[in-house]
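In what follows, chain A forms one complex with chain B and a second complex with chain C.
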Partner chain A sequence: MSAATDMERTQRQATSVGAGALLGLCLAAACAAPFVLNGYGLYVLTLTGVFALVALGLNLLTGYAGQISLCHAAFFGVGAYATAILTQSAGVPYLLSLLVAALFTACVGAVVAVPAMRLKSLYLAIATLGFGVVLQKIIFEWRGLTNGGGGLALSPPVIAGYELRAMGLYYLTLAVVTLGIWGAWNVSRGRTGRALLIIKESEIAAGALGIPAARYKVIAFAISAFYAAVAGGLFAYLVRYIHPENFSVGLSIAFLSMVVIGGLGTIGGSIVGAAFYVIVPELLRGIKDAPGLVFGLLLVVVMVLMPQGLWGLVRRLGRRS
Partner chain B sequence: MARLSIEEVSVDFGGIHALRDVTFELESGSIVGLIGPNGAGKSTLLNCVSGITRPSRGRVRLDEKVLSELPPASVAGCGIGRVFQHPELVADLSVQENLLIACHRSLGYGLVSELLKLPNMWKAERDAARRVEEVLGRLGLSDSAELTIRNLPYGHRKLVDLGRALLMDIRFLLLDEPIAGLNDAEVAKLRDLLLRLREELGLGILVVEHNMPFVSRLCDRLVVLDLGRLIANGAPADVLSAPKVMASYLGEDA
Partner chain C sequence: MIANLIVGGLAAGCLYAMVGIAIVVVLNITDIANFAQGEMAMVTTFFAYWLLDSVGLTWWQAVPVAILFGMVQGIVIQQVVIRPLIGSPVLSAIIATLGLNIVLNSVAGLIWGHQTYTFPSPFAFSAPLMIGSVPVPVASVVSILAGLAIVVAMTWFLRFTWIGIGLRAASQNPTVARMMGVSISRTSAIAWGLGGLIGGIAGILVAPLLFLDTNLMGALLIKAFAGGVLGGLHSLIGVFLGCLALGVAENLVGAYVSPAFGEAITFIIIIAVLIVRPEGVFGRVKVRKV
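After this line comes the complex of A and B, so read on.
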């Protein structure tokens, strides 16, 4: 028994040292990337960061708490519009807009969580799908605020007199993603993360341990919506033109796919999943006429061969070496 | 000295009377066995006490506090621990981490402290880790602290589940078939452990179990349910020799 324990301990220590080294290496590469990439490459990498942020939040909700959401594109959209409107129309400083919009969207997320207290699995998925459609419709119809189908064109945000162009926005996104990873890491390993894990396992067991499942589902939805909204606020200024169609159910499904492909219930999986989803189709562009087909097949292959996602593979390789 | 009172509790599921006017009491420091044939309503009664099932009539009280109006998490917060027949643990987490889940209420720090890793979080987590260590010692699982549940034998998993209840500062413990799936050595160890818990912590224990030798050696008192009704309540030897009880176990014709 104690030999097995020692082995597990050594393995865990090796894994965490490996993860730390990997994180440092990725961060260094990410800092250096703008000096190597062209404008388009930088755009793709920023978009990866933006989606990774959504995936981090969604993974807390789906991977940890076991709640499926098909309305994250709507949270992403509410965050994008709220940030844009606050910054552009109300003249609120960009960073403050990001925060206020995210807090607002977290409240929207908490409201969406109300049916989640009663619903499970597929039923919850369909209910959140409905919420997503409603939120998107509200953005479309509230023309006075959102300019409806006309969309919103945005000029680059200014932080402390410095106009945030592609490079600036990239570094801001990198900083926010780093913070997001740190926050998600802390939450997933603390009191809340443990509560979410036992709720996924069994709500009855959670109750017997004094953990109110309903409250924690609301918290998980709110945190998750917060992440999606910050990402939306960054996305709005990355593309500088937002339209209700950007935030359709298709995008929600894409977010869910990122989390599953990357690895449910893992922080690294959120990042790897987002990177896979954004970067692989870009790499496949060279294949004439067939990038969608190849990407679709790749998704199938990943899911069949790696049920624990790409991060599960990274972990296995890490353990073997 | 605390008292857990089940007062004229009835539970109807549609047209089925799962429990009918069941009344008995459990004091701290006593071990009561809840027995009866399959479908007698034993698990329903445990569910009523732990807040999972709301009684159709009657109530459950802990001293003056009415528990049967509270949600399960609040009942647990009042000091009622529940150990399930099949331990519901997080398979990918270690024994230690699974036990930390049960420190949820006593940890007490908020989401902001957690997100930003503020000092009060560190302190609370250190205190919790110390209490987990104590409980691991009590269960004889100190060597397995860092094993993942996946790699833990079934008997030890049941102990971890019991350990979670112990981490919640409970006064009463509800056990649902604690020895199902355990070998003889594990059963003996569990009996000693439960007796020690009663001795050292003054716990009141309500145990549902089919194994008669086990319950009769462990319990001070037995409560017998049959078709939702309480048919006997007394010392094990008296209860097990009562004609009504023998009839309910062996069939009316016996």
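After this line comes the complex of A and C, so read on.
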């Protein structure tokens, strides 16, 4: 028996070494990418990073805690607007306003979590969708602060006297995504992640083990709103023009799709799912008439052939080799 | 004034309810929230339009054929897309229906283009009925009656026919139902067929009131979900009444409280109701054994 555990341990060490090497390789490739890509390619890659950040947060909520949210586009929007307003109008340094905006949005996320304590599945989906509509409407109608339907045009942010252009923003996004992966890894491996997994399986069992489900749901909502808001703050300065319409229910559904396509409850899945959702439509843009048709078909095919998501496939291939 | 607003709200609510019932039949039997329901209904409606316009059938001939088409469409989609996903995470199936939603929308766009069509209706030019002093459009009356008829027919079907009882058994406990000889894959196919059928009726009744284009059902789908949740997804009459209430609330809030925040306030009402009654107004709280 001890031999078996030993073997298991060496195997686990081997896979973790393999995973570490793979991660390092990906990071190196990501660092080198700007020297190979043109401006458009860099934009697509930065957008992938931004959406991956949202997906990382949403995956903690949906993949681990099993709570469906259709208001993450609104969190994303609140983060974008808060960062933009703090930086542009209040003159707060960009990195600080990213952090403050994210903390503020985390509080909003905690408030949204209150009905989530009682609601389940589709009821929760519709309630969060309602919150999304309300938040988007507030952004739209609070014209004095957000300029309403006119949108906000933004100039490039400045960090320590250095103006952040496309390349700088890409490296900032890369750094934040790396931090985000590290954070999500810690949360999912730690006490919170284990608690969330049990809550997903059975709230009654969680309660019997002395896990306060309500508190952990609020924490999960707040953390994932934090991720979405940081991504929003990066997004605002990536596109440099934000409009309330950017943050509609359709985007929330897209975020949820990323998480499911990538793989529920996996960190790699969040990244792969975001990449699929951003890059595939860009590749299909050349096909006349039918980019939607091909993308929709791919979505169906991926789900039918890989119900556990793309990351499940990656993992299976990794195990075989 | 207020009576007119309520009648208008009821008419809109009926449209939500039609789509809502189609969604709920599939949801209750298979656990899958079908995001493609609206687009399936849209395709059925375009098929009916094609029968009327190019084949030259009359309305009363075209509609039954189109509704049959809707049912076959539902069964085909279930066999091709949903059947392989039985037993996988429910969210995967839901995202697959989302992909289907995009596919059907693009296919309809390729076949019929993105212009709008006027869909005929035998009730379009009838004079409105006067109820008291309030004029009520005949189309609204037809929608309400059709919605009620579907609720009654479905309730009868699920309670009193062998197939219906099998469907309910499969939704309550698939394992036991299977031991009693109920085929899970067949019940799922029947549910999707029924969803397609009811959705088709909804599309054909909705299209004359709006214009027929590929985005016919987009807005209705979310409202149908919201109304269904408000009423309680486990009761057909709850879904019907929830959707009617949603339509009326939207109209009244828009007129009396705030036109700009109309939709937002409606959703706040829904959230407030859900906090008090997490399973919807007419929903029963499921008793779960550990």
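By our rule, the second predicted complex is superposed on the first by the 307 of 321 C-alpha atoms of A that agree within 3 Å, B and C clash if a C-alpha of one lies under 4 Å from a C-alpha of the other, contacts with A are read in each partner's own complex, and residues count from 1 in each chain.
Heads up, the rule we're going with is that a residue touches a chain if its C-beta (ideal position, glycine included) is under 8 Å from a C-beta of that chain, and two chains touch if they have at least 3 such contacts.
For clarity, every value in this text was computed on a predicted model and none was experimentally measured.
Between chain B and chain C, the partner in contact with more residues of chain A is C. Touch criterion met: A:I204 reaches chain B and chain C at once.
Within the superposed three-chain model, A:V111 lies out of touch with both chain B and chain C [touch as defined at top]. In the overlay built on the shared chain, the residue A:Y123 is in contact with chain C alone; chain B does not reach it.
In the superposition on chain A, contact of A:L264 is made with chain C only, not with chain B. In the superposition on chain A, A:L25 contacts neither chain B nor chain C. Shared contact residues on chain A (touching chain B in one structure, chain C in the other): 202, 204-205. The touching residues of chain B, counted against chain A in their complex, run 50-52, 71-74, 76-77, 81-82, 84, 88-90, 92-94, 97, 100-102, 104-105, 107, 109, 111, 114-117, 121, 125, 143-148, 151, 164-165, 168. By the touch rule above, chain C contacts chain A in their complex via residues 27, 33, 81, 84-85, 88-89, 91-96, 98-107, 109-110, 222, 225-226, 229, 233, 260-261, 263-264, 267-268, 270-271, 274-275, 278-280, 288, 290. Those residues of chain A that touch chain B in the complex are listed here as 1-2, 4-5, 8-9, 12, 183, 186-187, 190-192, 194-195, 197-198, 201-202, 204-213, 219, 223, 265. If you check the complex, the residues on chain A that touch chain C are 62, 68, 114-115, 118-120, 122-123, 125-127, 129-131, 133-134, 137-138, 141, 202, 204-205, 249, 253, 256-257, 260-261, 264, 289-290, 292-293, 295-300, 303-304, 307-309.
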